[in-house]
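Look for chain A in each of the two complexes below; its partner is chain B in the first and chain C in the second.
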Partner chain A sequence: MNALKQYIDLFDESREIIEEQSPAILNTLRSSAREHLETARLPRKGSEDYEATDLEAVFAHDYGVNVNRLPFDADPSETFHCDVPNMSTCLYYTSNDAFHSSATAERNIGQVVVEPFSMAAVDYPELMEAYYGKLARMSDPTVALNSLLVQDGLLIYVPDGIVAERPIQLVNIFNAALDMMVQRRLLIVVGKNASIKLLACDHTQSADYRYLNNQVVEIVAMQGSTLDLYDMEESTPLTSRVSSIYVNQHEGSNVLIDGITLTNGFTRNNYHVEVNGEHAETHLLGMTIASGEQHVDSHTFISHNAPRCHSNEMFKYVLNDHAVGAFAGKILVQPGCPRVEAYQGNRNLCGAPTARMYTKPQLEIYTDDVMCSHGSAIGQLDEEALFYMRTRGIGIDEARRLLMQAFVADVIDGVRLDALKDRLHYLVEKRFAGTLSNCATCAAACRPSTKD
Partner chain B sequence: MKETEKPEKGNQIIEEAAQAEYKYGFVTDIETEVIPKGLDEDVVRRISSLKGEPEWLLEFRLKAYRHWLTLKAPTWGHVHVPEINYQDISYYAAPRKKKEAKEIDPELKKTFDKLGIPLEEQMRLSGMAVDAVMDSVSVKTTYRERLAELGVIFCSMSEAVKDYPDLVRKYLGKVVPYTDNFYAALNSAVFSDGSFVYIPKGVRCPMELSTYFRINAAQTGQFERTLIVADDDAYVSYLEGCTAPMRDENQLHAAIVEIIVEDRAEVKYSTVQNWYPGDKDGKGGIYNLVTKRGLCRGDHSKLSWTQVETGSAITWKYPSCVLKGDHSVGEFYSVALTNNWQEADTGTKMIHLGKNSTSTIVSKGISAGHSQNSYRGMVKVAPQATGCRNFTQCDSLLLSDTSGAHTFPVIEVGNDTSVVEHEATTSKINEDQIFYCNQRGISTEDAVGLIVNGYAKEVMSKLPMEFAVEAQKLLSVSLEGAVG
Partner chain C sequence: MLVIKDLQASIEDKQILKGINLTVKPGEVHAIMGPNGSGKSTLSAVLTGNPAYTVTGGSVEFYGKDLLALSPEDRAHEGLFLSFQYPVEIPGVSMVNFMRTALNEKRKYFGQDPLSAADFLKLMREKRAIVQLDNKLASRAVNEGFSGGEKKRNEIFQMAMLEPKLSILDETDSGLDIDALRIVASGVNTLKSKDNATIVITHYQRLLDYIKPDFVHVLYKGRIVMSAGPELALELEEKGYDWIKEQVDSQQ
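Right, the complex of A and B next:
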């Protein structure tokens, strides 16, 4: 079986339509993607780096692809509110893979460029030319598939020296009335000494259909730039997501990526970071709270290609019911890169006998003067702490919730946006209490107290 | 860490060490009976008939050989095993028996004396029983009678096949089946000799059993097979140590060690491996591709692996524990030191199948020169294995900026009552500590020796006394001047 075949066939049939409706720059990669897919196979469970995850099965479903880019009538900004209270953001929406800006998007005007590729190709052709498809690796079949079928994407560009006043929020929504796969694509270029905070969240409006988000994000962080990317997922059990984030860090840049999964069906997050400049800092954080049949697999790769860099990873999983968690992280220190400090941590709570956790922290070091470590633990809540709380009149369920919240608290505390931090604490609390079950309730829960 | 200049002396010491010759490289000149190079079914049959084996064992070998033909050599390790021409290896070499001689060949004895193996009187004084294996065939076994009084069987595998066929047949290939991997299949087809140990119920083996393996004849692959069975409530400590003479061409060593531990029994398996690592340019050296696995079959059984790996051009092995019995215990303590162009990819697997089974892994890697040193390990807790506990610590010490240290652990937990912890660090030798030692009149070389021995102490302390001394010497010798 080869799940890719149906998509290759679809491409061959509708190549003209696809290319016609896409900016020219996107068409430049299609032939190479097609070539890669010719021989590529999606990894099966048990293959290298996919110990617990069967991508073939995920893509095998007969998803619809919106080749003709038919508009879906609902206006997400009217029906969906996902602002963070006390944080004034510039809000953008992606409805499946089409972009909409909201009234609040004007706030950063003159500072940050947020444009769909179709516009960016006209306004910033040199940027698109220089960075589109340059980081993402076609050797990954999901990236090749994205490059093959993608018809639009979003460019976020912060020019040199600009410190964006307001965070940008990108709300990705699935709202098709059929099973659907979309290719989301993001290109983020943060100029020299520029700074931006970006909050992306994935939602699904209808719990009845199967959706697959095959997403590729390319990030270029120039000298001295700062980028925070908070990537939150609150979807439904039928929603699958394969996300590949590629980062190229230049000298003195500071990148934080925080992947948060609260509700989902299947998720595979790939983080591929190339640290190419001295004194660059990388922070990768991850928090997963999974129950039911949720499946969350994170795969990180940080390559230190320059001396005197610092990287820090912390991924925490709380698994209940039949949830499956997987974490594989690799830190590579290239020869001739002394004084690199790289730390990696993965802590997991298994809360049910049927929950499964797979973890594979790896170090590959080719320079002697480094400080690198990784730690990984799988365990349960401390019985004594539970007992202590019960002796003080806290019920067992409440005590467990409190301890689980405390367990993930340090990942949330790594967030560099106070309002978001508070919001996350609140959402996690609701999640553990079981009142954040799907997007329908989420939309209500997220409704801002002070609407912009 | 402070930015300090590399000490001049350090460089000088490196050069001296790099030029140091392999201490144990010498060739014993005794006649050796060798089957011509090549491998086919006839060779397998010939090995079997030379050793006078029963039909079932020949069948076992043939099945393994046929399975091996279907396999390809694995390539997933962080080592570079060059393409091996299996038709260019001689699969059997035995010291030729001189009919009139009742004593050990004096040449052979000298070899062992050089290695410091006290075979005769010294043996008894040191209170160890040695089953000395030279190129695959057991030469002499001491203390056998004393052990026999207790019912302990300690003999070569070929003798065991003749004298205790039922026992061998019952246990052979049960822990490492011939289908396990490429090298296990090869070994199962052509294994020449090895040791067999059986400790009967309730017996505590009064002495440490020890075997020195030695690859001697040029271009002779060595395929030992060791089988240790500890019956209920038994205890044995088994020591294995290796040195090999200097050779220009690479030699292949694909051994199998199988251990079965029954109810409440305990087996302690210690290895000091110091085979020829190749010269300072990475020429020559042994390929050490070994499958070692123990099955803790009984409840409350315990298996402890301790290894000090300083030799071999390539070391690729994972002494593992299958913890099948409830409350069974698996331990793995390892020091792996690589220098020059050596490559080591070693670690362990702890497979928890029994309830409340526990395991401990302590791995210390030291990389110098241009070497690559990897820890690869797996801790797997099956869904039914509730209440399991694992602690893993693997540290790497880098002594040169051209060496590499890598960690590839895999952890799978299938229930909610088990706790698994893993931690790993990689760093350079602490310059402050060296400076501190220098201040007090300790040379840089001695300081490195001290620090590394301190770093490896946790593992060294698990070795039996006789080995600990040798291992400590080995570390210092292998490390001479490796500071950079």
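Right, the complex of A and C next:
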């Protein structure tokens, strides 16, 4: 069986329609993607780097693909108000696979470019040509599939020297009334000494349909630039996500990527960071809270290709019920890169004997005079602390919640946006209390209620 | 308020308590002394419901209720408090959050509304003063990085906040210097009233100079083998436990 075949067939049948409706730049990769997929197979559970995760099974379902670009939703900004209190953002939406801007996008007073590829191909052809598809690797069949079928995407471009006043918030919503796969694609270019904070939230409005987001994000951080990407998922048990983020960091750039999964079905997050300039700083953070049958797998690769860089990686998982977590992280220090400091940590809490965690920390160092460490631990809630709290009258459930919250607190504190930090503490508290449901400010029921 | 009858308990199939009998009335201070390994800490653990121990016989009534049938948290709500010999560090949980949760859970148990933030902070301030606990400590994670003395003062601070009817002080004097001992003891004495009672578990007479007991019991091999007035503590300080051990062992 080959789950890719149905999509290759679909492409072969509809290539003309797909290409007609896409900006020309996206069509330049399709032949190469098609070639890669000819012999490619999606990894099965147990294969290298997929010890706990079966991608073949995820893609095997017969998802609809919106080849004809039919519109689903007039204006999601009328339904969705994904506000972070005390945080003034410029809000944009992806509804299934279509891009919308909201009224608050006007706050983005013409400095930071946020445009769908269809527009960007006209307005910034040289940028699109220089960076589209240059980082993502077709050797990953999910990237090849994205490149094969993608029809639009989003360019976020911060010109040299521009410090974005407000964070950009991108709300990705599934709200189709059918099973559907989308190829989301982001290209983020942060110019020299430019700075931006980006918050992406994945939501699912309907819990009744099966969705698959097969996304590719390419990030170029120029000299001295700063980028924060908070990538948060709050979807439903029937939603799957395969996300691959590729980063190219130039000299003195500072990139923070924080992947947060509060609710989901199946998720595989790949992070591939190439540190190509001296004095670059990389912060890779992850927080997963999973219960029920949730499956969250993070795979990270940081390649230090230049001396005197600093990377810091910390992923934390709290797993309950039958949740499955996986983490595989590799730090590579290439030859000729002295004074690199690279730290990797993965800490996991299994709150139930039926929860499973798979972890694989790796270091590969080809230079002397570096400081690197990696560590991984899986544990349970501290019985002594639980009893201590109970003798103070704190019930067992509440005590467990406090301890689980405390466990992830330092990852949340790594967030470099105060309002978002507060919001995350609040959301995590609600998540553990089992009362994470609809946002108070929002009419759409895009958050399922889950309980540990 | 507390009636313990023939209490027996074990840990991992090892019998530790072999029939404890003890009655405590409001306003009383009981000291429990005894050599190492006699079961003093086990008694406090069993009374507060530590799941590591199994009760194998006997009964405990607390204000007429079957204490052993209650969960540890409900025992706390009913007015039982244990000052730990080794207070537990809980990184990531702030003292404020910890105390507010504890207090509000108790209020919930009695059908009361949660305390307002202002009232709560006012209460924290008042009670902190009793054991001279620094505000900085109150804003840190529970016991994390506290010195030995600070941990013990923090225990008495929590006792002040929760206003228990019966407090068990498990070797609260261990690891304390003289000044800290005075502060802790004066805290305990400030909280003392005719309506509440205290069980002081200690190795030494020293603490009993500050917290005056009405009764002194000697625990040995899982049983209370001797009970008397405060003069017994002085006698033990002078003569040690050997004479009691001999007396008990020869009877067996």
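Convention: the second predicted complex is superposed on the first by the 435 of 452 C-alpha atoms of A that agree within 3 Å, B and C clash if a C-alpha of one lies under 4 Å from a C-alpha of the other, contacts with A are read in each partner's own complex, and residues count from 1 in each chain.
Going forward, a residue touches a chain if its C-beta (ideal position, glycine included) is under 8 Å from a C-beta of that chain, and two chains touch if they have at least 3 such contacts.
Remember, it's a predicted structure, so these values are computed and weren't measured experimentally.
Colleague: Touch check for A:Ser244: first (chain B), second (chain C), both, or neither?
Modeller: A:Ser244 sits against neither chain B nor chain C.
Colleague: In the overlaid three-chain picture, which partner chain does A:Pro338 touch, first (chain B) or second (chain C), both, or neither?
Modeller: first
Colleague: Based on the superposed arrangement, let me know which partner A:Met371 touches: chain B (first), chain C (second), both, or neither?
Modeller: Only chain B; A:Met371 stays clear of chain C.
Colleague: Touch test for A:Thr288: chain B only (first), chain C only (second), both, or neither?
Modeller: Neither: A:Thr288 stays clear of chain B and chain C.
Colleague: Counting touched residues of chain A, say whether chain B or chain C comes out ahead.
Modeller: Between chain B and chain C, the winner on chain A residue contacts is B.
Colleague: For A:Ser253, is the partner it touches chain B (first), chain C (second), both, or none of the two (neither)?
Modeller: Neither: A:Ser253 stays clear of chain B and chain C.
Colleague: Thinking of the overlay built on chain A, is A:Met357 touched by chain B (first), by chain C (second), by both, or by neither?
Modeller: Once the two structures are laid over each other on A, A:Met357 reaches chain B alone.
Colleague: A:Gly379 contacts which: chain B (first), chain C (second), both, neither?
Modeller: So A:Gly379 only meets chain B here.
Colleague: Under the stated contact criterion, what part of chain B meets chain A in this complex?
Modeller: 1, 76, 383, 386, 396, 398-428, 484
Colleague: Where on chain A is chain B touching in the complex?
Modeller: My answer: residues 48, 51, 335-336, 338-339, 348, 350-380.
Colleague: Provide the residue numbers of chain C that touch chain A in the complex, in ascending order.
Modeller: My answer: residues 48-52, 71-73, 75-77, 81-82, 84, 87-93, 97-98, 101-103, 105-106, 109, 141, 158, 162.
Colleague: What residues on chain A touch chain C, complex-wise?
Modeller: 382-385, 387-396, 398, 402-403, 405-407, 409-410
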